[in-house]
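I've put the structures underneath this note.
Shared chain: subunit A. Partners: subunit B in the first complex, subunit C in the second.
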Partner chain A sequence: MVPGLIGPAVVFILALLVTALLILLVNSAFHFTGTQVQPILTFEAYRRFFGDPFYANVVWQEIRLAVITTAICLVIGYPTAYAITKIRNPGWVIVAYILIFSPLLTSGIVRAYGWLIILSRGGLVNWALQSLHLATAPVRLIFNVTGVTIALVHVLLPFTVFPILSVLLRMDPALREAAADLGANRVRTFLRITWPLSFPGLYAGAQLTFVLAMNAYVTPQLLGGGRVQVLPLLIYENISDLNWPLAAVEAIALIGLVWMIILASNLLFRQSVAIAEGRS
Partner chain B sequence: MPDGIVGAAMGARESEEPSLGHAVELRHISKRYGRVEAVRDVSLDIRENEFFSLLGPSGCGKTTILRMISGFERPTAGEIFLKQRRANDIPPYRRDTNLIFQHLALFPHLDVYDNIAFGLRLKRLDRGPIRQKVHRILDLVDLGGFGTRRVHQLSGGQKQRVAIARALVNEPAVLLLDEPLGALDLRLRVQMQVELKEIQHRVGTTFIYVTHDQTEALTMSDRIAVMHDGTVEQVGTGREVYELPRTRFVATFLGESNLFEGQVEERAQDHTTVSASGQAFVAPPNTAAAPGTTVYVCVRPERVRVVAAAESQSDLDACENRYPARVRDITFKGAFIEYRLLTPFDQPMMVQVHSDGRRLMERGESIIVAWRRHDCVVLTA
Partner chain C sequence: MSDRRDALTVGLWCFLGMVGVYMLAPLALVIIDSVNPSTYGMFPFTGVTLHWYVNALFQVPEFRSGLSNSLVVAFGAVVLSVILGTLAAYGLVRYRFTTRELTQSFLLLPLIVPAIVFGAALFLLYIRIGLYGTLSGLILGHALLGLPFVVSIVAASLQTSGRDYEEAAMDLGANPVLTFFKVTIPSIRPGLIVSALFAFVTSFDQVEVSLFLTRPRNNTLPIAMFNYEQNYQDPTLAAISAVLIGFTVVLVLIAVSLLKTQDYRKLIQRR
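Take a look at the complex of A and B:
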């Protein structure tokens, strides 16, 4: 039976993910004494998380980081994907794929240290900026949001490019020819056919990138140098401090936040498709 | 206006002037993809308001020609004229042609109205005239009231008509059709063939139709160019290419034919004698066939008469060609009966007889096959 083939995956997901989520939920309502967790029902962790403006600020900074990262990825990723579809030589297509997907082939830590070297005070970027007289003093590019954003864009770009690329490649080339045949030059063909029809890929890429940016740990940890706080880092810190209830609340907040934003963007997607199709 | 003035007004051009009254002229067009020559030295004149078909098997270059006329491919050599204007360097979006794609290529994100209005909006027409034109064309293709439908809500035949409307609404000088009926089932295809022909009559636009289906080409076309291997083998009306094929390819691609290879024995004023497989064939005169040259005698199955050996043969008096044969196979095909015959030639022969209620021949029966001189054609290639 073919439906049976899905069994192992279902069991795996149910056993691990759902159980883990339940444990999380239970833990979030326990009491933390300062040194250990006691199974006493309380909502003090929730009160602390939603009451302390520190956490609201972290969440706000994180959303801003993820949105900016996603926006930059789209601005770089869409033209990249579009350009790849225009490469005729199959050899160059492979080279382009390797370049785009190379961040995924290196370990996150190696990648982060690479960026630390390149972006540091005496690094390649600062050297170039000063040699070209674009900066008089070294620009601070690491241990702040700028560095984290640069490194996140680097590692997440493939996740933006890929869905856009696959939508563009699946698009029937005859549609663009039909537009040209009906009198549309390249720009108009792009605006009226290619662009609206690539929306699903654009949204998929944006959502994937956003989710991954929200959940990033290694990059903010290493390139933020402690100065960039995001929920995954706080979760890890609280777990190290044995404050499981607070870590659980933060995790639930992160999951909830990501889900809400994804659902909202799906609604937005439907509307923008309608607008792109001229049915506003 | 004399040709010369037109020519001077259009700029420098080669000695041959394109003649008026032709919607499309192809002059010695070739198209090469790497080492493959998809189209070789094709010259065609397609007249105004004509339904012209490019007929040939897949890979014969017919679609490449269509794409060169629409501007999606540039000829490697030769010239294209659209309404007496050299079009080689005009991009597709500035050509006065519209193409109906093989898989239609309707825009899935637009409704029927917006699909059809696409070209008109690009021409920056006002809303009113656009609305008027779209509704008029929707009525023409029998889709009145379908404007707000989405493409995926339409049946195959309706999509077909939207594609036709989307192209025709721009009132192109030439409408190009790339096997647009291929995906439809037989019934709908036959119906659309008739509709297309009717639409062409009504709008009076030049249609250039690419197909591999001989029936389709014969049904709709004013003239047909039969293509093979990148070249045009023959151009003519359906009747001309069917009844007077010039090459073996044309004879076998359009309909069934019996082909006999032989040598010219005698070339007389009113007939040619060809000897093939030890038999003499009397055929119509053919000036290209000098005595001794190898030729092919082509006889259409429906032009051959059969009479039982035992019966009276007075019917066959007009037939210069008469041979004894034996029935090998009988196939009843409804409107006609197909016989496969063993003949005194080296090869069996196929004959089709109307189902007119007469007695069917029996397997193994001895019969006489006969045809008149003008029922066969001598092919030199």
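Take a look at the complex of A and C:
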């Protein structure tokens, strides 16, 4: 019974995705003549990727972009999730949910175009700044890291808020009431009860946001204006230029990098939890 | 507590309001800009026009063929991923076997692989087996992307719906297939509707994977818009985007109206 039920889905993934990923992996070792790929195992794309400082710089810029985006998402996302748990009117709760999760229901291209209208030279923000005499010349807010970060934070915020929100909602209200009954004020209750207990949600949200920021393609492509180079952009470029071995190595590097950072942060998280538990 | 209007509470509400403005700003501005007469989306407006809507719906042939391709692909992807995903979820929840956890993780694989890598890999496969540039190739790719959503949402529904009614039906003589269609399917209806909505939106808004798998003459709507945005950037894009936002809102409203009151209770119970 079980193979008949699960089999089709498993075979579907194996036949398409796993096969495709294996082809990509094999291609990473092949020789690229400059115009076409030859099935000779040279591993030259690996040498180029790990030897040329250009790629190290791209990786560094990408990690910096993802870390900054994640940090801003946490700073905005935590108070947002906390505020949502404090809303008493069910109607307003629904409004808040719709607002926070609205980016997920719209295409990345629609969102990028919206940011273009707001942030471009003749856009809303520059018009407002100049009308209010806060700026004499248009401020460059788009086609650079600033624009990409603003748009990435916007689309990734739901992924930061959701895990924090679900941890906060699951928290036993008796704990906070007990703290209040024992004389702790709201700030102290928050710092000693809510904050430490919500830390796993914060951590999950940070990880999810970071991974999605690392893998983002549409936003850096449309709002980076060629000034923001990240691995997903290079992968697309190299596939288009028929340099599949290099694209394959970049894809492997992207996946490997994300996994390494996630595993390292998991180790760090477990250690810090262990230390915190040892202290209390 | 809730009526206290102290600085902390007021500050929290102000902050939430600002976040709301930030989240809504790009979508609201797209809709506003769609009636802007200025070609470069300049502010302030010098009037109001519906010219861009006419342009988007009638003058740009790529948008119209893109829309019909997108609808065909999304429909195909939803049907395929909901059927495969529901069967798999049923097997995962209702049966115990040794490789269960491993299988469950494996079914999430399409979600774990970065979309751009997913697209690049499928492209290399498709050019070998002749699926490159075909709508069936796109349907298969998009169905893969929707599958993890269907499996996890339907599995969660099955966990809360319980086996009691299924067992009762079988005790009364219904065979497993009849039980599945007469008892299981109705009881997981909300999960099926939500997962179909997810799979549809995933496919309909997909860029990264489609980018690799479409030919210039056989684009989906997001790809046609992506190319247009890189070349022109006039409010035609705002008009087609406004149409898409409206379309998504209608879709969500349809899904909401399909859910009955007791369905909401089931969805909330899961939390």
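Keep this in mind: the second predicted complex is superposed on the first by the 251 of 280 C-alpha atoms of A that agree within 3 Å, B and C clash if a C-alpha of one lies under 4 Å from a C-alpha of the other, contacts with A are read in each partner's own complex, and residues count from 1 in each chain.
The definition used in the following text is that contacts are C-beta pairs under 8 Å (C-beta built on N, C-alpha and C of every residue); 3 or more make two chains touch, one makes a residue touch a chain.
What you are looking at is a predicted structure, and each value in this text was computed from that prediction instead of being measured.
In this superposed model built on subunit A, subunit B and subunit C occupy separate space and fit side by side.
For the three-chain arrangement built by superposition, the Cα-centre angle with subunit A at its corner and subunit B and subunit C at its ends equals 80°, in steps of 10. With both complexes superposed, C is the one of subunit B and subunit C in contact with more subunit A residues. Of the two partner chains, subunit B is the only one that A:196 touches; subunit C does not reach it.
Of the two partner chains placed by the overlay, only subunit B lies in contact with A:188; subunit C stays clear of it.
Judged by the touch definition given at the top, the superposed model places A:177 against subunit B, while subunit C stays out of reach. Contact with neither subunit B nor subunit C is seen for A:135 once the two complexes are overlaid on the shared chain. Once the two complexes are laid over each other on the shared chain, residue contacts for A:24 go to subunit C alone; subunit B is not touched. In the superposition on chain A, contact of A:122 is made with subunit C only, not with subunit B. With both structures placed on the common chain, the touch criterion links A:5 to subunit C but leaves subunit B unconnected.
Minimum C-alpha separation, subunit B to subunit C, in the superposed model: 9 Å.
Shared interface residues of subunit A (contacting subunit B in one complex, subunit C in the other): none.
By the touch criterion stated above, subunit B contacts subunit A in their complex at residues 70, 72, 91-94, 97-99, 101-103, 105-110, 114, 118-119, 122-123, 166-167, 170. Those residues of subunit C lying in contact with subunit A across their complex are 2, 8-9, 12-13, 15-16, 19-20, 22-30, 33, 38, 40-44, 84-85, 87-88, 90-92, 95, 97, 103, 106-107, 109-110, 113-118, 120-125, 128, 140-141, 143-144, 147, 151, 176, 201, 204-205, 207-208, 211-212, 222, 225-226, 229-230, 233, 237-238, 241, 244-245, 248, 252, 271. Residue ranges on subunit A touching subunit B, taken from their complex, read 172, 174-175, 177-185, 188, 192-193, 196-197, 273, 276-278. Partner subunit C is touched in their complex by these residues of subunit A: 1-2, 4-6, 8-10, 12-13, 16-21, 23-24, 27, 76, 79-80, 82-84, 86, 88, 96, 99-100, 102-118, 120, 122-124, 127, 151, 154, 157, 166, 169, 186, 214-215, 217-218, 222, 232, 235-236, 239, 244, 247-248, 251, 254-255, 258.
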